[in-house]
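There are two complexes below, and they share subunit A, which is joined by subunit B in the first and by subunit C in the second.
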Partner chain A sequence: MKTGSISYILVLPSLALMLFTTVYPIIGVLYYSLYSYNIVTGEFRFSGLNEYIELLRDPLFLTSIRNTVMFSIAATVLQTILGLIIAVLVNQRIRGKRYIIPILVLPNMFSVVVVSSMWKLMLDYETGLINHILKSLGFQPLPWLTSMDLALFSIVLIDTWQWTPICFLIFYAGLQSIPRELYEAAIVDGASSVRTFTSITLPMLKPYIALVLLLRSIDTFRLFDKVYLLTGGGPANSTETISLYIFKTGLVFWDIGKASAASFIMLILILAISALYIRRSILS
Partner chain B sequence: MNVFFSLLAYNTDGDPMPGRRDFIKMAVLGVGGFVVGVGAGYYLGSIPGQQQVGAPSGYNLSALGRDAEHQDINTAVIDFFSRENPGYRVDYSPLAYSPLYDKTVLALQQGSSAYDLVYMDDPWIPQFGERGWLADLEDLAKQEGIGLDLGDFSSVLIDVGRHPYRSGKLVAFPQMGNVQIFAYRKDVFDRLGIPEPKTWSDVLNACEKIKASQLVEYTIAFRGVKGNPVATAFQPILYAFGGKIVSDDLRKSALDSKAVEALEFLLQLKKYAPPGVENFNTPDVRDRMIGGRIAMSTETWPGWIKDADNPAVSKVPGLLAYTTTPGERTKTSPLLGVWYWGIPAASRNKSAALRYILYSASARMQKIMAILKGLPPVRSSVGRDPDASALRRWIPIQVQSLAVAVPRPRTPYWPKIEDIFGSYVNQVLAGVVRPSDAVAKMSEEIDKVLAGG
Partner chain C sequence: MRILEKTLIYIALGIIIAWSLMPIYWTINVSLKTGLEVYEVFSTRFSIENYVRLFREDFQRYLISTIYLASLTTIISLALAIPASYSLSKLPLSDKLRRGFLVWTLFSRTMPPIVLIIPLYVMFSQLRISDNLTAVAIAYQVYTLPFSIWMLMGFYRETPREVEEAAMVDGAGPLAIMTRILVPMIMPGIVVTAIFSILMSWNEFLYAVILLQSLKNYTVSLIIASYISEWGVKWGEMAAAGIVSSLPMLLFTAYVQKYMVLGFMRRD
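On to the complex of A and B.
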C-alpha cells in the first residue's frame, strides 16, 4: 500500500468526526433557518428567507448585535493592552517571579458562575465592596449593573479581570522567545527603551498580538454567561447580546427557525472577524 | 513500522506537500466516512428491543421536578410514599426552572417514555396540553376505578389544570399552591398608626408615611429585572387597575389606558424603592424582606417567607403580617403560580404515576408537608387546619388567595408575550420609554405574536 493512501486512511476518523461535529450542525442550522419551525406550537413550514428578514427588522436583534460588537471591541482591546503591559513588566528581572505569575493567572481559574456571583456582590449599589471603597474615598457610589450607561461597561471590566491573564501568558511566552541578542545589539547601538520596545519588541510580538486579538474577538463575541447571570440582558436591553437572544428565541420560545437564522448570522459575523487573520496567516 | 515512520517523516524525506488533488481525495474520503458513520448510527438506533437509558419498568417511576424548596418537599413526599407503598420506587431528578422547562419540552416532544411524572409551572400547561403531550387524568382515574375528589380544591386550580382552560381534559393535578400574597411589617405599621392596606393607594400613602419616619431603610421593593420577574411583580397592580394583557378570547392584546395608569402608578412606587430596583430579582427582594430592610413588597410568594419566623434565618421573626394582594378599581387579583404534576402521554406507568400524584395531593400529605417543609397547600381544608397555620402563619391567607387568584393568560404563546411585556415594563422602570409608548408598542408586538407571527 502506498504511503499516501495510508495517510488518508489514518486521517479519515478525525476528519469524519470533525465534519460530523462542525459541518453537519452548520448544515442543520442553515436548513432550519429556512423554515418557520416552533417545537411547542408544532408549526413547521418552509418560509425561505423570511426568518432572516424578520430578524433584520427586529429592533431587539439589531440592539443585540450593536451591544455584542461594542463589548467585543472594548473587551478585546482592553485585555490585549493590559495583557501586554503586564507581560512586559513581569518579563523584567524581578524577584519572586515564580510566585507572581500563578497569582496573576488565578482569576482565569474560577468558573464563570463563581466570577459572576462574586462580582455581583462586589458591585451591589448599597452593600458592594467597590461602592464602599468609593464612598470611603469621598466619591459617589455608582449603579454598576443597574444603569443603562454602565451595565455593559461593568461586564467589560469583569470579563477583563477574568481573561487578561490568558493574554498575559501568550505575550509572556512571546517575549521569552525574542532572542536576547537583539536587545544587546540595541543597547550597543544606543537605542532608548522606548525605541527598543517599538522597533524590536512590538514587531517580534506581532504574531502573538494577532493571535490574542483573534482569540479574544471570537470569545468575546460569544458573550452569554456573564450577561445571563448578572443582568439578564437588562436594564432596558442595554446588555442584550446575540447569544442571549439566540438562547431565548430557541430554548425559551422554542422558535427554532428564527434561532437558527440568528445563529447563522452570528456565524457569518465571526467568520468575517476571523477572515482577516486566516488570510494573513495563509499569505505569510 | 517503516511505513509508519515514513508517514511521520513525510516532509523530511523530501516528498512533496499534498496538492489540490490530494485534498480533494481526502475530502471525498472524509464525506464518505461521515455518511457511513451517520448511516450506521441510524441503523443501530433502529434495532428493536433496545431499552432507552433510564426508562423505568414495573413500579419504578421516574419523575422530573424542580430543585430548591420544591426538591425538599417532593423528595420528602417520595420518602413517605415509598415507605407506605412497598414495591413502589420514585426516582426524582431535580432541575432549576429553565433547565426543567427545556428538558420537559424536549422529553415530551420526542415522545420519550423516560419520565412518568413531570412537574410543571401553570403557564406551561396550555403549551403541553395543546400538543397532546399529557395524559387525561380523569380518563385514567375512571379506568382505574379511582375517585378524584376535586371538591377540596379551589375551582381555579382545577380549571388551570385543564386544557382548554376550564372546559377541557384534566391534564395536570395541583401540587404546590404558590400564589402571591402581600407581606408587610406590622410593627412599623402599628407604630405609625397605618391600617392594613386594602388598595394600592393605601400602599402608596403608607410609603409616604414610612419614608418620613425613617423606621426602615427603604419603604418598598419589587422585582424589576426584565422578563418574568418584573412581569410577575407588576401584574397584580395591572389587574387591580382593571387592566388586562390579553383579551378573553386570546386573539389580541387587551392593553389600554388602564395599563398606562398602572405603569404610572408603578413609577410612583419606584420613588420609595432602593436604587437599582430595575435590576432586582427574587434574592434582592426576599433578602431585604426577611433582613428587615424594607417594610413591604408588591408581591410575596410563600417560598420567600417560609422561614420568616425562624430567628436563625430571619431578622424579623413574628414581625411580618400577611394579607391578600391589594385591589384598587377591582378587588384583589393575586397572581397564580401553582405547580402541577402531569403524566406524559408516552409514559408506560400511568396507573402507578396517578397513584403517586393523588397520594402527594392528599389532604394528609399536604398537611404533613405544610407543617414539616412549609409547603403552600392546594387543599382548602388544609388552609383551615389550625395545626398548619400555627406554624406557618401565612397559610390561611395563602389558601384564601388561591380562591381569588388570577392565572396567567392560558395561551401557548405566553412565554413570548411575557417576555415582551416584561421587557417594556423594565424599560419604563429604567426611564427609557414612557408608559403610553410602552403600552402602544407592547400591544403591537403582542398582537403579532397572537396572530402566529
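On to the complex of A and C.
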C-alpha cells in the first residue's frame, strides 16, 4: 500500500509542471480566443467566434497558412529524398566512413540562430559566397532573400542544409539494421542494383521513412526562427508563416484574442500529424 | 564498371561534403576579416580583431546568462524527471495515468511552441516576471521535461529487475532503491539526458526572444540575432560570436554522438 502512494507522489511534481506548461496554455488559448483582448489598450470583452471569423477573412492569415504548408511539404520531401540518397551512398563499401559521417552531421551541430547568421553571410547580395561563385561562373548574382520568388525557396534551402544530416542519420541506422543475407540472396538471383533498392532497401526502410516524414513535417510546420531572423516574413509577405503571424499579432500588435484564435487553428491543423505520431510511437 | 561506380560515389560524396562545410568555412573566413575585406573572397590577411572586439563588448556576459539558463533548465528537468520516470517505469501506477502521461508527453512534442507561449506570456507579465531568466527556464520545461522523462524511462527499463528485488529483500524501500541503487546505475544515461537538455536550451530562440527584453538578460542567441538585423555593420563580430558560442556545444555533441539518433528520435 505504501509503495502505491509513493509512486504517485514521485510523479506529481512533473505532472503539475506539465499541466502548467501545456494544458493550461491550451485552455488559455481557447478561452482568450473567444474574447476581444488587447493587453495594451486593456480591452477585454466577450466576442464569441468573432476573432475566428475575422481571421478567416484576413488574407495575410490565409497567405501564412499557404506559405507554411508549401514550405513544410517542400522541405520535408527534399530532406527525406536527400537524406535517403546520402545514407545509401555512405552505406556502400567506401573508405574513410569514420571521418565522413561526423562531417556530414556537422551542419546540425549549430543552433538555428547561428545557422541563420551563417546563411545571411552566404546569401548576401554583394558579399555572399553564393553570389561570388555565380559571378565567377559567369552568371548574374541573385537576390536570394530579397526577391518574392526566391525568398521562400532560400529558406527551404537553409532548412535542408541544417536538417538533412538528421534524416541521413536515421536512414543510415535503418540501412544498418537490414540483414546482409537479403542482399547476398539478391546478388545470387542476379538482381540489378535498382531492383535490389526497390524490392529490398525501400520496403525495409518503410518505418524509418515514415518516422522521418513525421518528424520533419512536425518541425517544418512550426517554422519561425529563420524567417523571423532573415526575412521578417517579407518580401511582400512571401515568407510569412503561421508562427510568425501569431507572433506579430499577439506580441507586436498585442491582439491576444486574435493571436489565440490563430493558435487554436494551428493546433487543429497539426492534430492529424500528432495523432499519426502518437499512434506510431505507442505501437513501437 | 565497378571502378566507374566507385568514382561516381566518391564524387557525389565530395559534393555533399563541400555543401555541408561551405557555410562553416565562410563564417570562419568572415570572422577573420575586418572592414572592407568582407568584399574579398579570399583575403590573405587574417586578424582576430573581431574576436577581441566581441569580448571587449562584454560577450562573456551573454555567455554567462546562457550557461545559467541552460543549467537552471536542466536542473529543474532532472530534479522532476528522475523520480517521475522511476515511478513510471518501475512502480505500480494506475494504467490510465501511465498511458495518459505517455500520450500527453508525445502530444506535447508535436505541438508548435508558439501556440503555448501566448497564455504563458500573459500570465508571466501579469505576475511581472516576464523579463526573467527563471521564468524562461520554467517555460523551457515545455521542451525538456517530457523529453527527459522519456529518455530516463528508457534507461531505467534497461536495469535488471533482480537488483531491486535483492534490495527489497534487504528491506530497502522504493526511495532508497532509487537514490542508492538505480540512480548510480543509470548515471551515464542521466549525463546524456542532461547534455541534450543543455543543448536544447542553449539553442532555443523563440521563447527567449518573447520573454527576455532587457540586455542584461540576453542570451547568446539573442545577441547574435541582434547582430543579424544590424545590416552588415557587425557581421565580422556576428561570425565570431557564432563560432565562439558553437564550440562548447560541439564538444558536448561529440560526447553524445552515439546517442544522436536515439535522442533525435525521442526529441521533437
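Definition applied: the second predicted complex is superposed on the first by the 251 of 284 C-alpha atoms of A that agree within 3 Å, B and C clash if a C-alpha of one lies under 4 Å from a C-alpha of the other, contacts with A are read in each partner's own complex, and residues count from 1 in each chain.
Quick note on the criterion: a contact is a pair of C-beta atoms (placed from the backbone, for glycine too) under 8 Å apart; a residue touches a chain by one contact, two chains touch by 3 or more.
These numbers were taken from a predicted model, which means no experiment stands behind them.
In the superposed model, A:Trp254 lies in contact with subunit B only, and not with subunit C.
By the document's definition of touching, both partners, subunit B and subunit C, reach A:Tyr8.
Shared-chain residue A:Tyr32: touches subunit C; no touch with subunit B.
Of the two partners subunit B and subunit C, more residues of subunit A are touched by C. Of the two partner chains placed by the overlay, only subunit B lies in contact with A:Met148; subunit C stays clear of it.
Of the two partner chains, subunit B is the only one that A:Ala236 touches; subunit C does not reach it. Of the two partner chains, subunit C is the only one that A:Met109 touches; subunit B does not reach it. Shared-chain residue A:Met266: touches subunit C; no touch with subunit B. In the superposition on chain A, A:Met122 makes contact with subunit C only, not with subunit B. On subunit A, the surface patch touched by subunit B in one complex and by subunit C in the other comprises residues 3-4, 6-8, 10-11, 13, 15, 18, 23-24, 39, 126, 251. Against subunit B, in their complex, subunit A makes its touches with residues 1, 3-4, 6-13, 15-16, 18-20, 23-24, 39-43, 60, 125-126, 143, 145-146, 148, 151, 231-237, 248, 251-255.
Within the complex formed with subunit C, the subunit A residues making contact are 2-4, 6-8, 10-11, 13-15, 17-18, 21-29, 32, 39, 86, 89-90, 92, 94, 100, 102-107, 109-122, 124, 126-127, 129, 132, 161, 165-166, 169-170, 173, 211, 215, 218-219, 221-222, 224-225, 228-230, 242-243, 246-247, 250-251, 256, 259-260, 263-264, 266-267, 270, 273-274, 277-278, 281-282. Interface residues of subunit C facing subunit A in the complex, by the touch rule stated above, are 6, 9-10, 12-13, 16-17, 19-24, 26-27, 30, 38-39, 41, 80-81, 83-84, 86-88, 91-93, 97, 101-123, 125, 138-139, 141-142, 145-146, 149, 173-175, 202-203, 205-206, 209-210, 221, 224-225, 227-229, 232, 235, 238-239, 242, 245-246, 249-250, 253, 257, 260-261, 264-265, 268. Remark: subunit B residues 3, 6-7, 10, 15, 22, 25-26, 29-31, 33-34, 37-38, 98, 101-102, 105, 109, 127, 130-131, 225-227, 274-279, 281, 412-413, 415-416, 419, 423, 426-427, 429-430, 432-433, 452 touch subunit A in the complex.
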